[in-house]
Amino acid sequence: MIIELKRGVSRVLAEAISLKYAAVILNNYNGRLIIVTSGKLKENELDESVRQLAERVVITGSDIQLASRKFLTSKREIRITDDLTIGGNSQNTLVITGPCSVESEKQIRACAELCVQLGIKVLRAGAYKPRTSPYSFQGLEIKGLQLLDKIRSDYGLKIITEVKDGSHAEAVIEYADIIQIGAKAMYDHSILRACGKARKPVLLKRGFGSNLQEFVQAAEFILCGGNEQVILCERGIRTFENFTRFTLDLCGVSWLKENVNLPIVIDPSHAMGFAYGVPDLSRAAVAMGIDGLLIETHPNPAAALSDPAQQLTFDQFKELYGTLADVAKAIGYKIV
Amino acid sequence: MIIELKRGVSRVLAEAISLKYAAVILNNYNGRLIIVTSGKLKENELDESVRQLAERVVITGSDIQLASRKFLTSKREIRITDDLTIGGNSQNTLVITGPCSVESEKQIRACAELCVQLGIKVLRAGAYKPRTSPYSFQGLEIKGLQLLDKIRSDYGLKIITEVKDGSHAEAVIEYADIIQIGAKAMYDHSILRACGKARKPVLLKRGFGSNLQEFVQAAEFILCGGNEQVILCERGIRTFENFTRFTLDLCGVSWLKENVNLPIVIDPSHAMGFAYGVPDLSRAAVAMGIDGLLIETHPNPAAALSDPAQQLTFDQFKELYGTLADVAKAIGYKIV
Amino acid sequence: MIIELKRGVSRVLAEAISLKYAAVILNNYNGRLIIVTSGKLKENELDESVRQLAERVVITGSDIQLASRKFLTSKREIRITDDLTIGGNSQNTLVITGPCSVESEKQIRACAELCVQLGIKVLRAGAYKPRTSPYSFQGLEIKGLQLLDKIRSDYGLKIITEVKDGSHAEAVIEYADIIQIGAKAMYDHSILRACGKARKPVLLKRGFGSNLQEFVQAAEFILCGGNEQVILCERGIRTFENFTRFTLDLCGVSWLKENVNLPIVIDPSHAMGFAYGVPDLSRAAVAMGIDGLLIETHPNPAAALSDPAQQLTFDQFKELYGTLADVAKAIGYKIV
Amino acid sequence: MIIELKRGVSRVLAEAISLKYAAVILNNYNGRLIIVTSGKLKENELDESVRQLAERVVITGSDIQLASRKFLTSKREIRITDDLTIGGNSQNTLVITGPCSVESEKQIRACAELCVQLGIKVLRAGAYKPRTSPYSFQGLEIKGLQLLDKIRSDYGLKIITEVKDGSHAEAVIEYADIIQIGAKAMYDHSILRACGKARKPVLLKRGFGSNLQEFVQAAEFILCGGNEQVILCERGIRTFENFTRFTLDLCGVSWLKENVNLPIVIDPSHAMGFAYGVPDLSRAAVAMGIDGLLIETHPNPAAALSDPAQQLTFDQFKELYGTLADVAKAIGYKIV
């Protein structure tokens, strides 16, 4: 239950109420205080004296609360650069590209130049890699972040990079323009809570074994921490089909668009796991009216230290990129 | 292994070879005879004398053989009406619509009129319904087929209708212009073999628990029976996510496009299970460059005797339909 | 809703009621007539005049009705031989074994002798094989059934054999002592309805993509056809884990034991797909207190024409079989 | 590839080799040094000079290396108390019980008394709870650990408690006798690496969306960190079946027993999600010959702050516990 207090109700009173209901308290857009209790609290369990302090009481029927369209009917807008937003009424689809991992200055510089050449604003690259084996390349770690920092200054790009576990959450939060929470870290409360305190956009990837309820509840951890800039990213779920790496869940994206007030980015590269399917899936994603697209590219995918099969060459990416504007336009969107 | 015999090799000799390898024999486009052995037969197990009779030996590495791009590199073309094909180089996306079930003459006539009004050529409707409960509406059965026959004459539409089990396979094969094999009947050999002998297009739906290998092997049953007019239909697979009815597997569609020579139709209605997601998913499907789209519509979905939640109203369908041409055009396709 | 009519209510009246509610009518144990309506019919939609004719009205809350413990609180008992039953209060676990397919008289005779030697009463073997590829061995078909008939007379064994599609349902129903409905045929109404009219036990395998609701509803087709001798068989569901062929769903078996009144048999061979896991899984199954176990054995698994990896050798089976009695005894059951 | 160096090869030389192959180095049982390279390294890529320093080179064919039966053919033995081990040849099945969460001193003391009464050696209880919602009870955190510490002294029990994210890994490693890594933290490298340095047994739960390869590779992170005391815990995977909370993967347990040298514990409570199924599943687990069983009990499950549906009452647990010895004995194991 979300209790939106009337303007003027004091913070002390709000804190008393939130203690009583084991609830979370936070500030709202309009200067009003908001109290969020467990979704299980029934309307008739709310004391009449509290109700009288409320401007509005929202019952969402589950712990999807601040992210629910029942709370905010319109999609949240998130600022990416000074003159660019996604979500809201922008009808923008932001294309983000770059390699799976930062591997070397030469490699990441080549990717940055590709972005500049095409007018792409946000570069992706991982410094900490959530590899499933201890015997694989694990990322350049802090050196990777420093390289990304240099690239940012040199090329004027925004950087999105991933946090995979709590040990480097602070470092990633400091260095990134958009903090990416990796699929395998989706349930990590220490990361979610740290991002809740950050004042930067957070792109939260859906765990491949996570249902939509859990996915959006992970976003609630960030939202109720006070950070409203949360972007959801669908990147494929694990199913019985193993001819492809994962199964991109566009039915799930439809559900999110209908029920959740957060912008949505789609990552076809990890879902498919093979470069050949990425162009078609990217166009499918754009045709759904989404807020962003995350595509892996590499100057030489065959030599990549992680995910070699799914990264596009620069030529493949340019060809794909050239086709997206028309698809976006067909549904009233713009590629940005 | 596919052994394409040289022109002039006699049928008697071909039969002898097919007996030796427990293989299937069939006629090819070019008048050549083709022998298909188990995919497990290794190249070095083929007798030299047989090889000398072969124009070409194709090793596909699995029992996806006649359907493989290794056998036919280009996509097969299938005739829908005298002046309309899908697949091949047509770049056509065929829109098929109609109700889940034929319920009454009035209802199906309304749907046919919608098709005529919009220029849609193929009407879908089920006479035999594969309901999972014995206590639900099971379809009008033969009376439903007869109604569809009447509608065909009255409106000049092509009819696609579903066979759900062997007891009525002959009836459906006789009445339908395009025979639909339902998802729950995908493994039914008696239906697959009967369709292999038919001389009509067959739309084979993927079982929701079937992987891509099994799905295409089911098509092989029809192809090796001598019917080359097979269309594959992705309609959602069953996954852990249950906020939507099924999960539309567009990664799987990418795999099929890359590896299989059959046209592909997508059914977003069954995948999603809810009308609200059908428009976005339809546009996503069209943007992938597919050969057809199967969408459920009903004059009054709330009163439908089956699948009420997922059928579009006529107004919803018209609005959706109006947006598809632009999406198709953006990728060089046409809605037909 | 199940309406158990008072003794003496006429069949004509019952038929009138069943017409009104689009319901199914059948005879009960105690000579009473039973009407089964859709599970969606609400209690307040039942006319008062009908209620007065009812001895009992059972609301199960879904279309699991005749199979529900809400209808029959105790487990049904099914006769296997003149002096042997399973289910009810028998505390019997019936071991069934034999090869995947009947391949030759020599092979099936060897299996029959193994049964006789160990005191096993029921031999399994498939004559019609639901292979997923048209280029694999498809079974001996009617000749296989005739061989099984001969074996039955020669060795005094009961025979369980599988129907995979409608084309041979009548033949299997005629030849089998226990009719097995294969996992891929679980939704086949023509088979289910034919079995509903049969007067023999039916072992219904769960489709590997089928949830428990659909599984038990398939049994309802048989039960409401008038055949009360239905046995459910869990044989593994399809999940993302592919190091094993399927995933044996023993949580599902717990749910069935709690909610459904039908005996349950477990098939660890198909679930695991590899012989090495069958002994442990068999003991696990027995320790759950189930009504039967279906295990594949073959005189020479490596040479088997189907499922070579999962069939046990006779020695492996004997060793396993020798351990089952103690496990059964530990929980108060007997191996029969 | 595992390179077991000859006795006497110096650490300096070993380090040089491990640098060359981007490998991990560690000490072995027998005082020999072991180098573990990526599983992708092919045998012919190993320099002859290195091979000559090797006592043994083990190729496991994947990154399951130190955990593989190809490296150690027998199951590892792990000490639980001074006079109790599991694994190895002990044929012991360790029963662990306790509540989902430490909620209060009274509650946890009651559980400890139950353990003492039944002779159970290890108490489970979570202080940090990986809840999926921010609006639910999150555990007593450090106070919970302190309570468990007190209970340990007062009752002489060993304590197993869970780490859910990196922020409290050190605290749990310090307080626990057996460190439990929660299913949602299975991929967390910071936790895995911290546990690799610990000198205490670690119980690693399988992520519910994780396949067996990833599960065992997570254990490799701990093993290659130098901690050999790793126990695997199967607790159910997420599948399409949602009548139960998860699906207990006993086929997967069979695979692990065959291929992996680590002891295995089964947690039926989380798999089932409902108390009614726990007794049957516990007996099934014991009958497989496993090394431990993890069962949730609570003095008053209905009032539990987390997982109320799946915790057993003390009476239910006692009844279950009383039946386990016979099942274990039937297969030559003992309940400890």
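Every chain is named by a letter (A, B, C and D) in the order it is written, and numbering of its residues begins at 1.
The criterion applied here is as follows: a residue touches a chain if its C-beta (ideal position, glycine included) is under 8 Å from a C-beta of that chain, and two chains touch if they have at least 3 such contacts.
Please read all numbers here as calculations on a predicted model, not as lab measurements.
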Furthest chain, CA centroid comparison against subunit C: A
Of C-D and A-C, pair with higher C-beta contact tally: C-D
Subunit A and subunit C: spacing of chain centres that average the CA atoms, whole Å: 48
Mean-CA-position distance for subunit D and subunit A (Å): 32
Inter-centroid spacing, subunit D versus subunit C (mean Cα positions, whole Å): 37
Per-residue multi-chain contacts in subunit A, two or more chains: 209, 211, 213, 238-240, 242
Of subunit B, residues touching subunit C in the complex: 22-24, 36-39, 63, 65, 130, 132-138, 164-167, 184-185, 187-192, 207-211, 213-214, 217-218, 220-221, 224, 238
Complex contacts: residues of subunit B adjacent to subunit A: 209, 211-213, 236-237, 239-255, 257-258, 271-272, 274, 276-277, 280-281, 283-289, 323, 326-327, 329-331
Complex contact set, residues of subunit C against subunit A: 238-240, 242
